[in-house]
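Letters A, B, C and D name the chains as they come in the text, with residue numbers starting at 1 for each one.
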Amino acid sequence: MSGWYAAAPLIVAMTTAAATTLAHAMPRTQRALSLAGAFALLAASIALMDAVWRGGMIVVQSSNWDAPFGITLAVDTFGAVMTLIAAITGAACLIFAIPEIEERHRRAWFHPLSHVLLLGVCGAFITGDLFNLYVWFEVMLIASFGLMTIGGTKAQTDGAVKYVALNLVATLLFLLAVGLIYGMTGTLNYADLSRTIPNVGNTGVLTASAMLLMAAFGMKAAVFPLFFWLPAAYHTPLVSVSAVFAGLLTKVGVYALMRAFTLLFTHDVGWTHEILLWVSGLTMITGVLGAAAQSEMRRILSWHIISQIGYMVMGLALYTPLAIVGSVFYLVHHIIVKANLFLIAGVAARLTGSMELKKIGGLYQSAPLLGVLFFIPAFSLAGFPPLSGFWAKLILVRAALEGREWWIAAAALVTGLLTIYSMTKIWGEAFWKPHPEGGEAAAPLAAAPAAMLAPIVTLAAMTIVIGLFAQPFWIVAERAAAEMLDPTVYAAAVLGGLP
Amino acid sequence: MEVPLALLIGLLTGVATWLMLSRNLIRLLLGFAVLGNAVNLLIFTAGRLTRDVPPLVPLDAEAIEGAFANPLPQALVLTAIVIGFGLLAFALVLAWQAYVRLGTIRTDEMREAEPPGEVKP
Amino acid sequence: MNSLILRAATRVLAPMMLMLSLFLLWRGHNLPGGGFIGGLVATSAIALQGIAFGPEVARRTLVLPPAVLAGVGLVVAVIATLPAGLVELPFFTGLWLKLDLGDGAILPLSTPLLFDIGVFLVVIGGVCAILLALEEDPETDQAGEP
Amino acid sequence: MPGLSGEGHAADEGLEGRFRSGRAVLTVVLAPFVAAGAAPLLVRLLGHRASFVLALVPAASFLWLVARTDEATPGILESTPWVPGLDVALDFSLDGLSLIFSLLISGIGTLIVVYAGGYLKGHPMLGRFFLFLMMFMGAMQGVVLADNVVSLFVFWELTSLASYLLVGFESSKPAARRAALQALLITGTGGLALLAGLLMLANAGGSWRISDLTGAGSWIQDDPLYLPILILVVLGCFTKSAQWPFHSWLPGAMQAPTPVSAYLHSATMVKAGVYLLARLDPALGGSPEWLWILTGIGGLTMLMGVVFALLETDLKLVLAWTTVSALGTLVFLLGPTHEPGAKAAMAFLLVHALYKGALFMAAGNVDHEAGTRDLTKLGGLMRVMPVTFATAALACVSMAGLPLGLGWVAKELIGAAKIALEDEFGITVIAATLTNLMLFCVAAIVAIVPFTGKPTEPAEHAHEAPWSMLAGPVVLSSLGLVFGMAPNLVADSLIAAATTAVMGRKATLDIVLFKAVDWKFLLTLATFAAGAVLFAFWRRSAARWRAALNPTLDRGPDRGYDHAMAGLAALATWQTRIWQPGLLHRYMAASFAVVTLAVAASLARGDVRFNLSFDGGRLIEWAVFAVTAAAGLVAAFATTRLLAVTALGMLGLGVAMIFMLFGAPDLAITQFMVETLVVVILALVLIRLPGFRLSSRSDRPRWLYGSISVGTGAIVTLLLLGVLAEPFDPRLSEWFGATAVPDAFGHNIVNVILVDFRALDTLGEIIVVFAAALSALAAIGIGARARR
């Protein structure tokens, strides 16, 4: 029966999506259902994490057909951690959304689409089947399309067009790769694939198909040079929407990359992971330089998503136990921090009237507490000790140095420095600089609804806790990495005695 | 017939790519539709072609006698068709809305989110 | 389109197509068909109504707003995944209840069938929502910002 | 985890034995952080008097440390686990070197906190000020006490962060914001280099404990990575300690309130780099590279700092430049890695902290009470501010190296160090003598110019500072006098103990205040005389010097920083324009091209076989293929909408036929139905887009886009042919065929897969349809319609 732990997040998210649809004509009921659903998802994912932590990997053969014939849900530590963090982010952003969204946004199906998005994200983390992963990706994608357009400003429409068009390409590349891999192995189950892939004789075609998959996931993860859709769109939607996107969507791509290139395609590490290493370095540098060129808060933050994705891919590319730990740690830290920064940018814009740094200022005087709340995730993002981002970077840099990959270590450090540059730009302009329109132009923090501040405070507290008490998180990440690096355990858990 | 079909799929992919590189949003979406068809055909073909019977067990039998078409790619393609349809339908509606809000369907004239020349230090 | 012939044809065709869609849904487990194909046929019927008599008529046929209908379908589909839990089987396991109607006729009720009904409803609701939105007069429904 | 446990610990078993499990040193480090957290609340409750409460924390630490001076020579080691998985622990070590720094931090810290309470009395952000200041204090204690490379780095970065917040404290001033950022970026750059260097050092040494790394001798110098490690570590230390060419942030940091300048930017934080060089000297020092880099850059900085000091008119900037010079002197003295140098460095460290702290606070008093710190406007303050004058004069005695001050002692030791170095570097003696001479002149300027002569206009309104602002300078300058007259109070307990820690062997110190009238003594007297002459010249012609020299000499690195910032912005803008021009067709082209190239390159990485078998095929198949291909081509090149839509419909129909021909009736029906709906939706959308042709005329560059398209198509064909060359594994299909009826009770296997075997896919699929509908409604903005 422990299998229901794995299915529970999906059932909860689906039920909430359906229920909020049915309650569409009743705003208060819908809102209550939406929040209840978000917390139920949180509870389900906590239960899942707990079950996985205590009992090891959870495997469910959905519809009760043995792997590899049916669809397997398989949750190891990594999957459980990601599900939990997705649920946390989802709940935080939905609470933030309550005061943010207006009636017309709500009527445009904000709540059901949000839960469909979370469903897709959780599904991607929970499934153990390549085609099923494709389906969850699409669930997530189509919901993100809708959420991206809610509000309907011109910039949003333009951003949505680019976002949609490029993601459609990624979708088809993914599907193409699934078809090719299925054609070579005759199976779709991760565990089964990890056993059959070494037997494929046509290794050139296999590697090429893996490359296609890498491109598809890389596009979702927004790595160099496939990130175009992200800076084109992420600064346009509602704040709560962009925050949940910033926290989760690209990370699903990273998750998929990590699954695929630890569990499935390790037959030609000298090629695939070397490419990933170059990609990661270029992603960091181009991303952080892109941020340096911006002067609008969310655009700066959007480019920083890209550069940070570079770090996560770097850990995967180095492909050592320590490096994988670094990637996992980085994922967890980054989701919390980045979602929070978008939320804070939203509050800052609410208090000062704009996201454009040139037009705002004075928050240091008018809302010092917001300064503290910004400072924590911003300097964590930049890798300042003793915040969460420091440990994440430390692990990765250490792994790079131990692996004698000097240039990637240098790229990681330089990117950290330029991240400081960007974060201090926001700090200097939005907080320190007096408001260009005079003293009264920046409102005090009390002007922001408590429902917006509560998630920000919670996420900032998590950043500090991860920073000051890193050891438990290290242990979790280490276990996740150890499981990932031993695919035979995963395969045995899913396939049991099958050859 | 795998080889000619592979060539056909390649042709459709090329055509679709050409369409997707267009500055015209409608052409781009036509390209997506064509590419979707090409990919579906590819999955279907990758599961190996057969001119044998469809994967329908006779109503009075427990299993099909002899060879039958591979049912799994069919199920996958069916799912993919539907998903592709959902995405395309949304994208077409978005194209319409882009026209309503931005007054154009040419993507090089859509410069609201990243205005030209505004990238300044 | 105000063609008389279209209207007359629709009056006959639409109910037949709806019947056909139910039939396809029912037999799908054993012969070509199923919830999805059935749903598409039903959708075509309603789209046809929309074209012939206007979207309002089509909306009346659906009873519920299309998006809500899709939501109902989703609820049905999700419910189909759950009963397995009552008998300690994994998520989504198909359960079969074969009702003996006498005379050797057996009515197989099952969660896969329930699920297929959910599929059927979601397809009708979802696709109709898009089609009807497109069929409506574009001048009156620009609720977004300019 | 391989490689994560420090095998090096076992290398030095003697060290293990000294570890204590106490938490006393940890308390010294963490107490200021706790105080920092409480500071805003205390200020809210007590106003500026909160400073007295807060000062108790460093005062207690100071007293505790004083009581530990005897234990410091063997050293006290403590360890508290933090992130054992990463070998990171809160390891602390209190030896002679840490002790002298830690005493300065807590001792001067006590005085500064009291001083700041007076200086910033009534400031609206006093609470925040104490928060940052106390945070800095804890971080700085951490730096000098940490015995773990990572925890050292943690505290190191925290000091940079605190400095950033304190320099930018008057945040409404653009100059303050610029200076804060400059300080952060320069020290941040060095910090990251330091991190890399420390990690490499720890990696090479097999331990993350600094006492392990330094206790094992200079083994590291045989490592091939020695030079990179040295450069990285030195970079970190030099940026922090404002060595040329990284010094420019330090004068800028004078934007901070004076207590900060006195504390961070002269007495403590800027010495962190010196501390770390001294700390790592046993491991890294002694090589020619070490000698050249430290002596060269240190000497240059020493000379440059004092020259610039002579050219300034702002009292605080004069002091800042002499701080730069002093830091250069300290680095210079550490270069040779011999005992006289280390002794001199430790003595000078103490002297400098005492007199510079006093001078900054005195300068702050002048600024605070007279309203300006411009040397050209000040004069005659002696009468209104007698105590301030006395402390400044006393401090300047030390600074000038006159007898009776502790500076005299330090100067003797520096002299000894210079002589020990003379054989190798004759020129350095000249540089050091010149520095002394000019420093004497600066001391004279600071002590004389603001206080003597006729009272100027600012002096008329001035009066003496309150006692809270006098306590600090009085105590520090008096200590300079006391230690100067009785150097044995500090000789063994502090200076020799610190030297012992630096050199890794027992050092002793015999201080003779006056030896004999020999040539060295005469040289000293000559230096004083020359300094006095220089001062006389300065009084007469400083304005002319400034006019002549400032444009040529001044602040190359500072302008370099501006250029670097502008260059960074230009580079960022340039690359962003290239990658992100805002044009979808370019994004598309890049994506397709990259993917195609990556896949093509990967094909060449292994065995590739293609299935080229051909079975002839039926006529109907050929016909359907041909129609489908033709429909595709027409869709691509159609210029009217009707033609394009028709072609798309035909294409869909063709694909449906292909499904039908190869045994997939369900697929064929679905494809047919879906394609019909697509055409309907497409038509409905197109009706709403008047006046647009599907022209492809502007789709350029044609040859490039054409080749991307051909390449993509070719790659897909090749991949598929490669897949088809692989033997197919029919396990799943056969199982489905065998199981559908008996176990899943369905005869349509495809449908059974959809609603049972892989029902979860279908569930996801209908959710896509469901969400597509909602998303489309959201895009149109007519979600409200659902109410009807």
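Quick note on the criterion: a contact is a pair of C-beta atoms (placed from the backbone, for glycine too) under 8 Å apart; a residue touches a chain by one contact, two chains touch by 3 or more.
The structure displayed is predicted, hence computed values, not measured ones.
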Of C-D and A-D, whichever chain pair has more C-beta contact pairs: A-D
Most distant chain from chain A, judged by the mean position of its C-alpha atoms: C
Distance between chain centroids, defined by C-alpha means - chain C, chain D (Å): 61
Computed distance of Cα centres, chain D from chain A, in Å: 26
Centroid distance [mean C-alpha coordinates] between chain C and chain B, Å: 24
Inter-centroid spacing, chain D versus chain B (mean Cα positions, whole Å): 49
For chain D, residues that touch 2 or more chains besides their own: 569, 572-573, 576, 580, 582, 584, 588, 592, 665-666, 670, 674, 677, 681, 685, 688, 716, 720, 723-724, 728, 730, 732-733, 736, 747-748, 754, 756-772, 774-777, 779-781, 783-784, 786-787
Two or more partner chains touched - positions in chain A: 14, 17, 21, 24, 62-63, 73, 104, 109, 112, 131, 135, 138, 142, 145-146, 149, 152, 160-162, 165, 169, 176, 180, 183, 231-232, 292-294
Numbers and ranges of chain C residues touching at least 2 other chains: 30-32, 36, 65, 67-68, 70-71, 74, 78, 81, 92, 94, 126-127, 130, 133-134, 138, 142-145
Residues of chain D that touch chain C when the two form their complex: 665-666, 669-670, 673-674, 676-677, 680-681, 684-685, 688, 744-748, 751-752, 754-756, 759-760, 762-763, 766-767, 769-770, 772-774, 776-777, 780-788
Contacting residues of chain C [partner chain D, same complex]: 28-37, 40-41, 43-44, 47, 59, 65-68, 70-71, 73-74, 77-78, 81, 92, 94, 96, 108, 110, 112-113, 115-116, 118-119, 122-123, 125-127, 129-131, 133-136, 138, 141-144
In the complex, chain A residues that touch chain C: 1, 3-4, 6-7, 11, 14-15, 17-19, 21-22, 24, 60-64, 73, 104, 109, 112, 151-153
Residues of chain C that touch chain B when the two form their complex: 30-32, 36, 126-127, 130, 133-134, 138, 142, 144-146
Contact set on chain B toward chain D in their complex: 1-24, 26-28, 30, 33-34, 37-38, 40-42, 44-59, 61-64, 68-72, 74-79, 81-83, 85-90, 92-97, 99-100, 105-108, 110-111, 113-116, 119-121
